[in-house]
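By written order: A, B, C, D, E and F. Residues from 1 in each chain.
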Amino acid sequence: MFLHIDDLLTRDEVSTLAELARHTKFISGRLSNPHNTTKNNVIQDPADASGKQASQIALTAIQRSEQARNFVLPRRIAIPTFLRYAQGMTYGAHVDAAFMNLGGQLLRSDVSCTIFISDPDSYQGGELAIYLGTETVRVRGKPGSAVFYPSTTLHEVPAVTSGERLVMITFIESQIPDQMQRDLIYTLNEVRALEGLKMDWSNRMSLEFVIANLLRMWAR
Amino acid sequence: MFLHIDDLLTRDEVSTLAELARHTKFISGRLSNPHNTTKNNVIQDPADASGKQASQIALTAIQRSEQARNFVLPRRIAIPTFLRYAQGMTYGAHVDAAFMNLGGQLLRSDVSCTIFISDPDSYQGGELAIYLGTETVRVRGKPGSAVFYPSTTLHEVPAVTSGERLVMITFIESQIPDQMQRDLIYTLNEVRALEGLKMDWSNRMSLEFVIANLLRMWAR
Amino acid sequence: MFLHIDDLLTRDEVSTLAELARHTKFISGRLSNPHNTTKNNVIQDPADASGKQASQIALTAIQRSEQARNFVLPRRIAIPTFLRYAQGMTYGAHVDAAFMNLGGQLLRSDVSCTIFISDPDSYQGGELAIYLGTETVRVRGKPGSAVFYPSTTLHEVPAVTSGERLVMITFIESQIPDQMQRDLIYTLNEVRALEGLKMDWSNRMSLEFVIANLLRMWAR
Amino acid sequence: MFLHIDDLLTRDEVSTLAELARHTKFISGRLSNPHNTTKNNVIQDPADASGKQASQIALTAIQRSEQARNFVLPRRIAIPTFLRYAQGMTYGAHVDAAFMNLGGQLLRSDVSCTIFISDPDSYQGGELAIYLGTETVRVRGKPGSAVFYPSTTLHEVPAVTSGERLVMITFIESQIPDQMQRDLIYTLNEVRALEGLKMDWSNRMSLEFVIANLLRMWAR
Amino acid sequence: MFLHIDDLLTRDEVSTLAELARHTKFISGRLSNPHNTTKNNVIQDPADASGKQASQIALTAIQRSEQARNFVLPRRIAIPTFLRYAQGMTYGAHVDAAFMNLGGQLLRSDVSCTIFISDPDSYQGGELAIYLGTETVRVRGKPGSAVFYPSTTLHEVPAVTSGERLVMITFIESQIPDQMQRDLIYTLNEVRALEGLKMDWSNRMSLEFVIANLLRMWAR
Amino acid sequence: MFLHIDDLLTRDEVSTLAELARHTKFISGRLSNPHNTTKNNVIQDPADASGKQASQIALTAIQRSEQARNFVLPRRIAIPTFLRYAQGMTYGAHVDAAFMNLGGQLLRSDVSCTIFISDPDSYQGGELAIYLGTETVRVRGKPGSAVFYPSTTLHEVPAVTSGERLVMITFIESQIPDQMQRDLIYTLNEVRALEGLKMDWSNRMSLEFVIANLLRMWAR
């Protein structure tokens, strides 16, 4: 499942991030994935102070979003990082690494997140393309919006043909690694939130009985 | 989980079964479990015509019970059979065989069922005792009632100290072998049945989405 | 994952099916799903002879398609059936039943299939909409094409606003019920087919070792 | 499965705990579960010094019990806390949260534990009622005794109708979250403890081979 | 795990099979596995009457062996077939197909079986070599002996350098497809058989409780 | 699967370890496994400084070996320790404990490792014998070589009949506890390493898609 949140960031945060990006040092995206010859973009230098400030803003925004929490059931979140695609840049079809280093520990990437900073009217091409066999989901979000999608998919950023695409990306380890299982718990939680007060107390308890036991069964 | 149904059989069926039992030939219960020296009861001769008629009545009663179907999610049901405990008879703590022969095919016993025929006031001792570690669930049903319980448990029929206990027993292979998983699907189905019409259509669809996918995931 | 096959049916088969549809008796689609008040379409009468002939043509086409076989790893296929949406007809968001009756046995629906008969230019609305959370995959196929998609999804046919939409649908039980697991085996099989002859023999054997053992592990 | 230990606490510890309870500040139980309107009891103020002393005594008692360790296979134990039910107080049917905060980390509640402090003759009602479908296990322990039961169950404390019920409760994360799997390992360990010295060496090794590999397979 | 049975066949059966082999028509082994260019042996023509008689003798021998039954927990057994390796013949490293056709149904190969007919002194090379990473298990059985080994392994028959190697092979679908799980149940069953009568009754029941529930949990 | 690495240690490291062993205090091996009366060897005193130096050399050697890393997918490695078998010493058939203490945390033993220090020509008997049912894998490595094998096996060191056998042993917790699953990931990684550059880019991405998703699915 996908979750597209229109306003993960406030307008002010979008402006701040765009401004911080202008002062952030960018380095070749190939550094984090040297073997992927189709990767041609630039990422924020992990040591850059402006970049670090931006990362913190994005992290806070994800953590405060109840919608994101309910959908992802996050355990740990990697440090969000700027990605910039100038004209002609691209990131060929790839799969995100299953495990990443987060402060000396391994973080399993279950859910990937792209936060859009650039205005979609300011660049052409460069949409996030997620391949589901012969069908493709294509996402070009408004500034401040974010899409959460399964890290298990093959996905691509086709070449930006004009303008510049600035996004932040991150990866989240969920309590529930299996996508289908995570979707089922998310869906039951939504039913409880939307119907709970209308339900007979004993039926509500039944629903909580199921949700709690699925969490115990599937959390890993 | 346990399901005790008060009126699995009609009064007439109870009378008919009690009458059929009087004409049925009984043989040593040890024949079906020769190694269990604590088994001391008598069971219906599988070849006996009255017994066969009784088996069919009990089978039909189980199949028509919506409550039983919802709880057990049955795939196949073994042939119900009379068990009689005269005074002094008993069946020591045991576990039901995991696989049984049903018409040349293996039936996995997931749920065990005892249908009570004798009046509980007409005999002493002989209750069905199901051990859950240091706690014990004890069941003495009224005529025509039935209890469905996990075949995975260690259970016992302590000695009948006076009177005679007549029951029918059978074993059911469920679509969902794991008890906890079966309980969760049963519980969600109950919520749907009790709340479904009060729910917003999209929430009801969400609940059906979860139930259908748990069934696909867990049926074996 | 999705698989869209452009030419599941030959042109002649499409013509034959369109012709057979004209002679087939249709009945209310609600009959197969009486509780779903959002279902408003017509389906072929299962007893109709022309319809039976059409079902057989569609079934054969699915069975002969190597692409479909590789993708679905089918065990059993339900009888394909015509669905017709005249102007104003629709089938609201729903989830396919997990188990269906196929000749007295239960068939688990793992993969759903829609075969397109009408020309997409001859009707408006009525595309197959498959919901993946906040993103939606929409499919309007050419005559003779077919889409295979996970039965686990919530999906919908929005109202046909002009013209008439004629499709055939069916449901397939796969050897590998879990979608992700099925996708992984499909993907490895594709790699073997495309790279196998270029690979060192021992590496090819390694790949076959993995595929065979995943099949053993996951088939259900 | 259930484990009821008669003497988890010594008589002296029971006296000490009863005394500490008299000096402990209690607050509304609703604070830890604000949405559950059926919860009407009082719990120890987490900041209270007497209460902290009591918690430590109870924790030590659980940790030193070999019986408890064998049964629960504990990984981490939440801080035990006093619960007091004055006359009229109750805690309606509920399910324990699947995950709890323990010092900034999530603890999965697999096994729940109630330690009885009050004399069961000093209050009426207020027994621990654990629902297993249509059967119910009811526990009223002697002072110093404790019951360990699956956190996966729906359970309730019916209203205390006279006197006062004082207990301590806690929640334990087991190495083996699945109840059935935990029961099987516990049972094999008991067989080894009780029969091991009588067994041929190679059979004893066979039993250890099975236990060690089940632990590897199921620990999570 | 491996099971080598010394006397699966009686001496008379070995003679009969050797004699039947002389009258059986053999065809290229490549026919059953056309893509494997390293397969160079001859197999019995499935239509040959002498061969069919031989198959039946081998099948009966496997079915009557209690040791084999306990080890394999068989559900269905493929038709045993002669394989002959004349001088220079070989079957390169390969993995057995996961699913085979048995009378129109799919049989999952969980356990492979080689029955040795030739005297190991009458040929050189041609031992069954089973690869376990950098270690190799090599088996050259006496006439009438048989080895049962996991179908999940990569294995090979190196070239026969002198003489002729005649064996029969078959494939068995087990109730318990996972090798480790099958080994654990086998091991517990052996403990019960060897220690059961020495054990306290309640401990024996505990062991049966575990075995029955592992069977329910793992049979597929 | 087994992995035998010929040169885990350099010649210099072997000499250093042999020298350190001469200065290390050894204590009864029974101390770490008091109930196993068949254990008769000596192990390094955990407090000994020379021993600690040796442990560090062995640990570093394992960590730097790419072959070992690929095969074991290690998460944590127990402290390697000397084991010495003088003439007549032995360690009867046993299974390694599933969980061990490593710095206050539990380490699950998935893969066991024996590093050979003594020249195999300098002692008789004392080979590592790993039982796979009726077949046995026997390993007598050269100085500096190491064998990695599943901790799940029953294994033994038969009596040293002359000379002295000096080895170091350790236990590794893998990201992938199940042996078969670990073998499949290892095998796919080998295929990628050996064929990756020859493969079409999209097929290589397909292989990475499978590997990454198996890691997510199975890591525990």
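Following the convention adopted for this analysis, a residue touches a chain if its C-beta (ideal position, glycine included) is under 8 Å from a C-beta of that chain, and two chains touch if they have at least 3 such contacts.
Worth saying up front: this structure is predicted, and the values here are computed from it rather than measured.
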| item | value |
| --- | --- |
| Given chain D and chain E, the chains that contact each of them | B, F |
| Proportion of interface numbers common to chain E and chain F (over half same, under half different) | same |
| Mean-CA-position distance for chain B and chain A (Å) | 50 |
| Contacts with 2+ other chains: residues of chain D | 152, 178, 180, 206, 209, 213, 217, 220 |
| Inter-chain touch pairs (all) | A-B, A-C, A-D, A-F, B-C, B-D, B-E, C-E, C-F, D-E, D-F, E-F |
| Complex contact set, residues of chain B against chain E | 38, 92-99, 106, 108-110, 151-152, 154, 177-178, 220 |
| Parts of chain F lying in touch with chain A, wherever the complex brings them together | 175, 201-202, 205-206, 208-209, 211-213, 215-217, 219-220 |
| Complex contacts: residues of chain F adjacent to chain E | 1-4, 71, 132-135, 137, 139, 152, 178-180, 183 |
| Complex contacts: residues of chain C adjacent to chain F | 180, 184, 187-188, 190-191, 194-195, 198-200, 203, 206-207, 209-210, 213-214, 217 |
